[in-house]
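Can you read through this structure? Questions will come right after.
In this document, chain identifiers A, B, C and D correspond to the written order of the chains, with residue numbering beginning at 1 in each.
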Amino acid sequence: MVIYVVTTGGTIEKVYSEKTGEVTNLDNKIDRYLKLLRLPDSDVKIVPLMNIDSLKMTDSDRAAIVESVKKLLPEKAPILITHGTDTMVETGLYLQRALRKLEVPIVMTGAMAPLGFEGSDALQNLTESLIALRIIAPGIYVVSHNQVFPISNVRKDKTLGRFVRIT
Amino acid sequence: MVIYVVTTGGTIEKVYSEKTGEVTNLDNKIDRYLKLLRLPDSDVKIVPLMNIDSLKMTDSDRAAIVESVKKLLPEKAPILITHGTDTMVETGLYLQRALRKLEVPIVMTGAMAPLGFEGSDALQNLTESLIALRIIAPGIYVVSHNQVFPISNVRKDKTLGRFVRIT
Amino acid sequence: MVIYVVTTGGTIEKVYSEKTGEVTNLDNKIDRYLKLLRLPDSDVKIVPLMNIDSLKMTDSDRAAIVESVKKLLPEKAPILITHGTDTMVETGLYLQRALRKLEVPIVMTGAMAPLGFEGSDALQNLTESLIALRIIAPGIYVVSHNQVFPISNVRKDKTLGRFVRIT
Amino acid sequence: MVIYVVTTGGTIEKVYSEKTGEVTNLDNKIDRYLKLLRLPDSDVKIVPLMNIDSLKMTDSDRAAIVESVKKLLPEKAPILITHGTDTMVETGLYLQRALRKLEVPIVMTGAMAPLGFEGSDALQNLTESLIALRIIAPGIYVVSHNQVFPISNVRKDKTLGRFVRIT
């Protein structure tokens, strides 16, 4: 089955720059890491939309994400959106307001540490998201750290460094 | 929430012996690899039951797995069984005959290459299984390579080196 | 044999902070990575002296390195100094002026990317330095990227992102 | 500078076969792992000679290694020979008898666990050997686990799982 992965940047896709010593959104790397997974029954199509820190994401960027998702929805394939964790829920709620009567699940995920960094949660979150997309009902979710949160019931806890359930 | 992990051996848990040059079920290693995952909301309890190649698994071993699972079922916590892939479906069907009216999901997983070996699918399968357990309906499943198979609809394809759906 | 490892920080020992998204010298990590190497005949003693970016290193810091090395020299054991690459040569030349008639080799090394980051050269440089210390003549050297440079014949090429020989 | 790497098999280059569950010398993998190292000043040329368990190595195989080395010697470039550890010393002594007045160092190395297996010493040994080749005097050596042994002063200790010095 087809799975779309819309990439928008965030920590999950940051790289270490040897020139500056900084960790920034320079190049796409999701595709490189998806190759580490065995996905024999999944035709993963990556849609690189933007590559920015989610703290810098504007409503115009969020509108672009909505447009991108709307174009994909007629395919009736599940959609994964990779996104910075800081404003992931904000974008998710924005999507929820813009999209009605979803026929597929949309999962948002990201990471506390970039793909390929020691102790990173990034590949775990990608792995979890891809299988959650095959099981869960239509709707918008955050998937991370072995948890699945409906978008209306989640916020990031910056102190704990993870998502928590709210009611 | 509590998640039980009943380990029975199989390739997923094999280790390379520097003395013999063979890959065998010598020591438990699932616990070491689960530490690489972030599971803040999951209280994973490992139950090391046996550590054998599933081609050597007898009906007496399968009865021991059933007994172990039956003891855990009153806890109403989901159960992951790690198992060799060669007879995983056989054991799963054996469990299905022995267990009625499940109130929790039971997921079976394993690997084509041991945990920690280059290119291994083992950590992917563990990660997928742990999140599938939190989403899927009660029943017995095989989870592997981004797929979830009800136990009545799966067999191992030795040529492809993976599980496939049957009807 | 005893090998001393005096750690001063630099990129090699930087960690990614999930709180700030920055890569900084927060904790020591050389010891954790040395455990990945098999060193049956080497008694490695780590001396954590400071943990700073070498661009911030002052002459007072360099004097502290000299003092630390002078205290170790009577042991007649080779010494590895881990150090940021930007001012490694400056510190090496400072050591050369301060230390006369060396009876052991002193190797300086560092990295372009921190230990444990994807594609890092850090463990390679540590591995190379530890064996170079067992072979080379007394003197002060930079060891990195499969090269051994006497301290008087090396500079960092920032564009190439590595050390090069000068005459 | 040019460095030749003559590969003959051994544990260092073994792969795990998902079909058989065995660890055997099926494909070359040294080249893949050398790409993980930064070798800006080294032109490494791999010469894949054979790919066998060193316990199965015959004198005819050893003669082939001698022939291969003899062809390379006029290049006056250092030579690394990767080899199973069980008969590495035997082959090294065979080379010593066949080759006179060496003008370059010849280093033999191997591993107790294959490249890419958890806890493997293989990449460490390759890294050490490549830098040792740039420093040591002409002669034949075994390099492993942060030690450099002249071929006349080394044997494998099967109980310890490593090479030890003999006099």
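Observations on the structure shown:
Keep in mind that, in the parts below, a residue touches a chain if its C-beta (ideal position, glycine included) is under 8 Å from a C-beta of that chain, and two chains touch if they have at least 3 such contacts.
Just so it is clear, the structure is predicted and the values come from calculations on it, not from any experiment.
Chain centres here are C-alpha means, and the one lying farthest from chain D is A. Repeated interface, listed pairs C-D, A-C or B-D, reference A-B: C-D, with more than half of the contact pairs matching by residue number. As a whole-number value, the distance joining the C-alpha centres of chain C and chain D reads 28 Å. Between the CA-based centres of chain A and chain C the separation comes to 39 Å, rounded to the whole angstrom.
We define each chain's centre as the mean of its Cα atoms; on that basis chain B and chain C are separated by 45 Å. Shown for chain C are the residues that touch two or more other chains, of which there are none. Those chain pairs judged to touch are A-B, A-C, B-D, C-D.
Partner chain B is touched in their complex by these residues of chain A: 36-42, 121, 124, 127-128, 130-132, 134-136, 143, 145-148, 160, 162.
Chain B meets chain D in the complex at residues 11, 14, 16, 18-19, 21-23, 53, 112-119, 158, 161.
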